[in-house]
Amino acid sequence: MNGHSGADAGQRFLHKDRFPCLLEQLEAMGYSVIGPTLDQHAIVYDRIRSVDDLPRGWTDEQQPGSYRVRRRTDDAWFGYVVGPHSWKGYLFPTPVVIARAAREGGDWEFKEADDAPPKFAFLGVRACEIAAIRVQDRVFLAESYVDPIYEGRRTRALIVAVNCEQAASTCFCPSMGTGPRCTSGFDLALTELSDGFVVEVGTAEGAALLATLDSSEASISQLRAAQAARRSASEQIERSLDTRGLRDLLMDNLEHPRWDETASRCLSCANCTMVCPTCFCGSVEEVSDLAGGRVERRRRWDSCFNIDFSYMNGGHVRDSIRSRYRQWLTHKLASWNDQFGTSGCVGCGRCITWCPSGIDLTEEVLAIRGDAPVSEGSS
Amino acid sequence: MRDASRSAAAAGLRPWRTHTVRVREILAEVEGVATYDLAFRDESAGAAYRFAPGQFNMLYLPGAGECAISISEDRATSAGYRHTVRVAGNVTKTLTGLRPGDTLGLRGPFGTSWPITDCIGRDVVLVAGGIGLAPLRPAIGSLMRNARQFGRRHLLYGARSPESLLYWRQYEEWSQAGIRVHTTVDRADSRWTGHVGVATLLLERLDAIDARNAVLMCCGPEVMMRFTIAAALNRGFAPDRIWVSLERNMQCGVGLCGHCQMGGEFVCRDGPVFRYDRVAPFLDVEAF
Amino acid sequence: MKPKLAVFKFASCDGCQLSLLDAEDHLLAVAGALDIAFFPEATSRMRAGPYDVALVEGSITTAHDAERIRAVRRDAKCLITIGACATAGGIQSLKNWADHTDFIRAVYATPEYIATLATSTPIADHVHVDFELRGCPINQYQLIEVIQSLLAGRRPRTPSHSVCIDCKRRGTVCVLVARGEPCLGPVTQAGCGAICPAYDRGCYACFGPAAQANLAGLTARLASDGMRPGRIAQSLRTFNGYAPAFREESDRLADGRDRVDEVRR
């Protein structure tokens, strides 16, 4: 889709005065609405009960290693980019009970967790985030073994996307082919104007939801304004990542001196992996009552930056920050393609912003590309 | 998108499904190593259970956790499923506290298996080091049956000392079935009359083998496998007929938790048995 | 027979022993599984060793204690140190960077009655330690895990990863990145549950350095936020200041000005 009038046909306009009905309708349909809200000096994802919970009039400024919320000069409701949270916090929650064991009559009995999965409506999903959900769909749902926790939440979730109208200095979604415009993967997609939203329908569920709301056909001027707003996001994106031959570039340079240089700055703190919307690593912890007869198996987010992550038989496979950073970057940008036929990176820039040292993966690739032999035609 | 995720999920296998198994017998093997014969408590689960030589199970001791243990004997020779375990960490240590009749959890089978059908019409060389003989024993079983399908069959096995030679009672039986068993130890005692040195030496000395067409399967410490591969390539074995069984920190067993990654491979799912040429680029990269 | 447990106190505030007492209902189960033979904080009944397990709180600050810990070691099959004093020397190790006689003169009316070493040092500097449980104070759930693992004959499962992982798991926004609040979380071992950042403060490194902590990397960041080297050194020299990773980096930053009072300026 490219925003021509043909694709715009059938788009509706929802006035901001009518927006509370969307939230009410979602609640009535049994959804917990999760969306952006101002908390802890950031725009995070949390339960949204009214439009007053939205970060109206706030924006974010992002640089490598720095994030600040600022007052906007206008009253935009979705006038920010992406924050420290991502939707994986809801689809791939931490901690979560995956199984239980109980000793009954002397024997151990085992049960998979069968707790009823919550039904979420995600409000304010960005294009890069839709791409991230798609990447995790590939990881958790598309192989022979399916993650039941993710599956239960994902199949019930409704996605109300909101197009970006601005970009952070850390954004590079066009390089990854994931944004900034939401083109698919949503039930509804909104573009915010000063007085309302231009609404695009992505699924039958989205259409049914929209039908319950008091919307009107979007006018030409509203469609034009929406286009212009979306264009301004594209125009603000400065950062880029050259993905040509990237897989081979990294896998052919596993002993590049750059890894040592980066290791001197990397804290191995795991922030990049925790904020990354596609990172999916986890560890299971045994939680038993004192008698030891009842055990819960709790899965938590884990990270390849955790030294114990590769622990085996009294030793660590990746026993240095260099080897752990190399594991993360080569996985994200290279071996992920081997595993899942897609990059693990969606260009959201979170790992750049939330790295305390401000390590920028696009710069890392550039450095390795800089004096690496060019492998043309290997992409 | 939701429809796509729904249809993908419909066919999905359940990773955390755990069976109750009962310890039937515990066989002391060598120092620090024992074989646990485990039977499904639920007969229908047992009847539905199928595995191939080289695959592993996750054994679960509630409270202590899980560990990946390869199945160490093929089904035909045992009523239960045998798992040879060396005490290495918390879970394997807790396992030593079990007695016949006790129950534990089992998920599996997981992973890839030895290429037995690729061996038809070819010479076969199995190279094992230490506890690495355990994942290869089901392959030995397969090579013993239908023996005429295969060419010459050799087992080259290295252990630390004569007392740590695993499954030594069976070597005679294997030999009688036509598998030539060659052993070597790192440290000999006064009664040892066999080879001393690493298993690689056995491979270098091995004659009566059509190396270029033979299949080699190898399991042992990673450094031992690297030397074995080098020696095998040197002798003319083809990179795509050398197979190795690798070990990493495996937690979920199905490629969902990320712990065991090595390059683009999940060792638990894409391995543990790999064709050498597939992992060759990573085996020599330190700490990868 | 139940394993025989003893709890010993060296230079410390008793807070870590109190963590054990705080774990009330758990403690009853623990008391049922263990033979508590020596625990002056909890019971007046004291029985002589040898003990199966000795929990040791506190650091070594006197010649007498340096002797006493050797006796404890001789009497204990398994010796576990608990808390920042025992594992790193504690807050009192600040005297390692100063002249302790100045402190004695400043504090005590009759300094000549005070017999103390010039340093406060961790237990592991004096005797072999089987397991170190970090924290100021220790986390009672980790202590229970240590005791449970001893009873089960396995190694305790305590994390060696950074506090950052725990912040993210509980949804806490990074105070360093979002507000420029100085935070030692990226180089600090998890264990407390990432409490301080959840209450809008930076991490104070109560659990000491994380495994392979890159101190120079973090202090470069703090310096770029305008924090002066002496101030950064001071922030590292707290409860775990004498832990090697923190000690070396604070010494590097203090650059010769290693007296505490000078660093403070």
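The first chain written gets the first letter, and so on, giving A, B and C; residue counts start at 1 in each chain.
Rule of thumb we're sticking to: a residue touches a chain if its C-beta (ideal position, glycine included) is under 8 Å from a C-beta of that chain, and two chains touch if they have at least 3 such contacts.
Everything quoted here is computed from the prediction, not taken from an experiment.
More C-beta pairs touch across one of B-C and A-C than the other; that pair is A-C.
Of all the chains, the one whose CA centre sits at the greatest distance from that of subunit B is C. Distances from each chain's CA mean to the overall CA mean are smallest for chain A. Taking the mean of the C-alpha atoms as each chain's centre, subunit A and subunit B sit 39 Å apart. Inter-chain spacing, taken between the CA centroids of subunit B and subunit C, is 44 Å. Measuring from the averaged C-alpha position of subunit A to that of subunit C gives a distance of 38 Å. Under the contact definition stated at the top, the residues of subunit A that touch 2 or more other chains are 302, 320.
Subunit C has residues 157 in contact with two or more other chains. Multi-chain contact residues, meaning those touching two or more other chains, occur in subunit B at positions 63-64, 89. Residues of subunit C touching subunit B in their complex: 149, 152-155, 157. Taken together, the subunit A residues at the contact with subunit C in this complex read 39-42, 44, 65-69, 83-85, 89, 94-95, 263-271, 274-275, 285, 290-291, 300-303, 305-308, 320-321, 353-358. On the subunit B side of its complex with subunit C, the touching residues are 63-64, 89-90, 93-94, 97. Of all residues in subunit C, only 26, 29, 148, 157, 159-162, 164-165, 168-169, 171-174, 176-180, 185-187, 200, 210-214, 216-218, 220-221 touch subunit A in the complex they form.
Against subunit A, the residues of subunit B that register as touching in their complex are 1-2, 4-6, 8-9, 11-20, 22, 41, 60, 62-66, 88-89, 103-105, 247-249, 251-252, 254-259, 261, 263-266, 269, 281, 285-288.
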